[in-house]
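Here chain A shows up in two complexes: once beside chain B, once beside chain C.
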Partner chain A sequence: MLGGYTITVSITIGIYIILAISLNIITGYAGQISLGHAAFWGIGAYCSALLATRFGVPFWIGLPMTIAITAMIGSLLAIPCLRVREDFLAITTIGINFVVQAVFLYVPFFGGAMGIGGIVSPFSTSSFFWATLIFVLLCIALDRWLVRSWMGLALESLREDETAAAISGVDVVKFKVAAFAIGSGLAGLAGHLYAHFMTFISADDFGFPQSIVILSMIVFGGIGTLRGAILGAVILGVAPEIFRPVLDYRTLIYGGLLIFMMRFQPGGILGDQSLLPRIFRVVRQRGLAPVKSGG
Partner chain B sequence: MIWQQFANGLAIGSVYALIALGLTMVYGVLRILHIAHAGVYALGAYVGLLVFRLVPNFWFSLVLAMVVCSLAGVIVQRYLYMPLLALPRIVPLIASIGLFISMEEIFRLIAGPYIISYPADPGLGSIQWGVVRITSNQLLVFMVTLALLAILWFIMRRTKLGLAMQATSQDLEIASVMGINTGGIVATNFLMGSALAGAAGVLVGVYFNSVYPTMGSIPAYKALAIIVLGGLGSIPGTVLGGLLIGLGETMVLGLTDIPFPRDALAFIIMIPILMFRPYGLLGKE
Partner chain C sequence: MAFLAVSSLSKDFYGLKALDRLHFSLEQGEILGIIGPNGAGKTTLFNIISGLLRPTEGQIHFRGVPIHHLKPHQIAMAGIARTFQIGKPFSNFTVLKNVLVALGHRFYPGLLSSAARFEKEAHVGEARELLARVGVEAYQGSIAKNLPLGFKKQLEIARALALDPSLLLLDEPMAGLQYEESERLAGLIRRLQEEGISIILIEHNMQAVMDLSERIVVLDHGVKIAEGSPEEIRTNPQVIEAYIGREERVA
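The block that comes next holds the complex of A and B.
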């Protein structure tokens, strides 16, 4: 049905979509700028790889374990983040990314510079694609449930005005930790898939540049919206493949695109205030409004 | 041995302080994390190198690099940041990251991906102090940094312009009400900050005798750790933070056998300090 190349790219994009959805919960909904999301992805991938290679844990048992452990570490790492706000927070998360990567690289238990190899994928490539698709759909469902729940409202109130939220009785600490726990748990899922798909991981895969790519995805698509996170992940995930013919200029195009978007559509392609959704809303309203004749 | 490492660390720390100073000045007035500042720093190194190839005089290349960088800084401020100021903070941050990526790529495409040497000799000679040897390049870094810091201190503390800059960084709106041309002051901050970054680029290029497209990547985030450590926006705090990180890195890696990446150390120092002082060493709430 699909070619091997298409399937491989699709699985990568699926993993990116899960990462974008997970970061969108922390940064988009709860408003906590994180520039170190790849760290949580990496923690998930390393956890999954260690479980699989050292302890022989099978894929489906390793899955909930990885998610739980990553969510736990994520909420632990959220503790230093609770002390700081806004720009201090953004830089603290960069710091977490570098420290986590350094631990992977320099602690022999994590395989050092050689990384961890020999992870066995339980599926063929095409079944892996369907599994990834199911996980993406589950993440979307979780995201929808979260937004409609009381917690979604609480996170939004944190984003809009933390002090006002605290005065209104929202437990700021609890919900911030919860956002980090859910976001990093989903990043752990992405790491689990990534480790089993690549069958080899190393610390370089989870560096600060990767964090920027994930953040760019949600900002590019429209931060704080599910559709934006998905679209951003698809566009920035496909872009390296599309621009393969102009390999030498690929990164320049990417940088230029970021500047251009922020300058002219700062809400992202599908953000609530952006051009496309506004046109769409107008068209829909016109369509639904009763047509006056002879007026 | 310790004192030799101390001298080496001080040289690195001075350069860090110069880069971070520009960043902190920009943050002080606009509250923007100006990642592309590290791109301006690399630009300084390239301009310095180009000028040095045409006219082999170090001081001339230093001054010209500072001039070009300050212009670049003002252009970035005027055409990239000003229209984005009213938007959520993440917007100028991402724009800045985009600009930084683009600048690195432009350097790579124009000058090539390789390391180019910058063999300037300002002719200062070296100093032997017992077992400690301060090389000509280290002497140069100390002298230029001290001179620039002195000039900066003089402008900030002894001139009307400096007073206006301090007022603007404390409260832009009130300063504007008091009749300060805040637009001009913001531009001046970018101008001076970028000139410092350009000087830092030239100094690093000469100190390590190498200029390459990604030379800004590590300072881009390390300078962030430094300004956070110093308390975002605080000038003395930033100098202190820069020296602290430079010394810390060199001492820990030069005197111990701990296998640790040099570049993560800044954050390992930063995170615990932030836990006890969430607004940095010399920052105010």
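The block that comes next holds the complex of A and C.
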């Protein structure tokens, strides 16, 4: 069986995978760049923590409530994002991140600098691992359903060309809000798991640097693809454990990595047009050819 | 009642009058040509009709209903489809997926219908038929950005037809096409008219626009300087002045 340390790291990675999948829906599919995704994660975590500690709401009832509330706040916060595109959208989402974090930090209701502690996890660590795994699988299923649906097609058409999408019958405002609602709802799920796993949360956990880490995951793995989001979350989730001796330079390494990827593999490791998937496709075609001719 | 009625339509861009109290109308089933020198306001007019721009003043009525305050997707749903002068395909989508996006206009409004799978055989088959109608079905699996210009333009027409439009706005569909390509496109435009689609055609290719249109509106600096049959337009001194007069001054 897995050791306690491995389980802890695995749960963290599971939460990161959910975050990467959720940001990938907003930024990868719908093309709405967000540099403030940790804000939605934080809203989910604080909502979950408050429900649990102030109102004694059990884990399984708090779960749908947290997802719904985060999705609702996410769609409200999307409204200022509707009027801006690209770099201005990036700046707006950074602003949202700082505002949300400041609210957690300075409004006494949210525990101020002390954060919120005393959240009781309903599971043992190993059960928590299995629960997280199930939620990751559910998120993957949701993602697969989304990309095959008309809604997913509408989201991707916004990324490709907003004007062309609009004149093709895509309600731009509705589907942008939908992307933010789904993405922030899933980030709320990640926040719910995080709050109950850590049992203590504070505003520092959900700052701008965390948003960059989540964005790095999908850029590194391959933006706009599910496999890329998962791989990026796994690699960048494991990296701090491996690089623990050089943890102080983590930001430097992430930054360097991002620049390297942008220069040499802008599609990420597993992006559709990246080197590895292309090699894989060639190998698969050649590998299959003899089988076809033989049978 | 006119099928499409544009009345005293003006558009100012920071003091520049791109359109100045433009009046014209279109009857159902008609092909109306719009010509004019560069910067005459032709594309601005399309952008306003299709909801991408709001007019500064004036109204547009489509089948008697005002549409100048509607959003682009609402105008698309109402049955007005358009193409762009510089192609605007969904670059990284396949040709087939490009058409599917517009076919989705029936499914986007409802929550349940938009949650359904889009790659069903019925939808894919319908998209293929549209591609066949404009003659790009051979490219259905290609990535749109890799298409030659002529096929990109035809793809845009297929995408526009996926909206099942009753009015089609074509912005310089002949530009950059080879002779045979533009002949084929002219044939397609005539077939679409026979199927009952009304068409407004912006075109610099005079031969094509004169052959296809029943009526022509001439714009210059946002003002309508002439309107009439191709024969009337060809001999109109003001039109000749707008096109040729200025070149003489330069020379």
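The criterion applied here is as follows: the second predicted complex is superposed on the first by the 282 of 295 C-alpha atoms of A that agree within 3 Å, B and C clash if a C-alpha of one lies under 4 Å from a C-alpha of the other, contacts with A are read in each partner's own complex, and residues count from 1 in each chain.
Keep in mind that, in the parts below, a contact is a pair of C-beta atoms (placed from the backbone, for glycine too) under 8 Å apart; a residue touches a chain by one contact, two chains touch by 3 or more.
Keep in mind that this is a model prediction, so the values were computed, not measured.
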| item | value |
| --- | --- |
| Clash-or-fit label for the pair chain B, chain C on chain A | fit |
| Touched partner set for A:Val172, first chain B, second chain C, both or neither | second |
| Arrangement angle, chain B at one end, chain C at the other, chain A at the vertex (C-alpha, nearest 10°) | 80 |
| Of chain C and chain B, partner touching more chain A residues | B |
| Which superposed partner A:Phe98 touches (first chain B, second chain C, both, neither) | first |
| Partner chain(s) touched by A:Met217 [first = chain B, second = chain C, both, neither] | neither |
| Partner chain(s) touched by A:Glu160 [first = chain B, second = chain C, both, neither] | second |
| Touching partner for A:Ile201 - first (chain B), second (chain C), both, neither | neither |
| Which superposed partner A:Trp150 touches (first chain B, second chain C, both, neither) | second |
| Touched partner set for A:Leu19, first chain B, second chain C, both or neither | neither |
| Minimum C-alpha separation between chain B and chain C after superposing on chain A, in Å | 10 |
| Overlapping contact positions on chain A, where the chain C interface meets the chain B interface | none |
| Complex interface listing, chain C residues touching chain A | 50-52, 71-73, 75-77, 81-82, 84, 88-93, 97, 100-102, 104-105, 107-109, 113-119, 159, 162-163 |
| Complex interface listing, chain B residues touching chain A | 27, 31, 33, 80, 83-84, 87-95, 97-106, 109, 221, 224-225, 228, 232, 259-261, 263-264, 267-268, 270-271, 274-275, 278-280 |
| Of all residues in chain A, those that touch chain B in their complex | 27, 33, 80, 83-88, 90-92, 94-96, 98-99, 101-102, 105-106, 208, 212, 215-216, 219, 223, 248-249, 251-252, 254-259, 262-263, 266 |
| Residue ranges of chain A in contact with chain C within the complex | 145, 148-154, 156-157, 160-161, 163-175 |
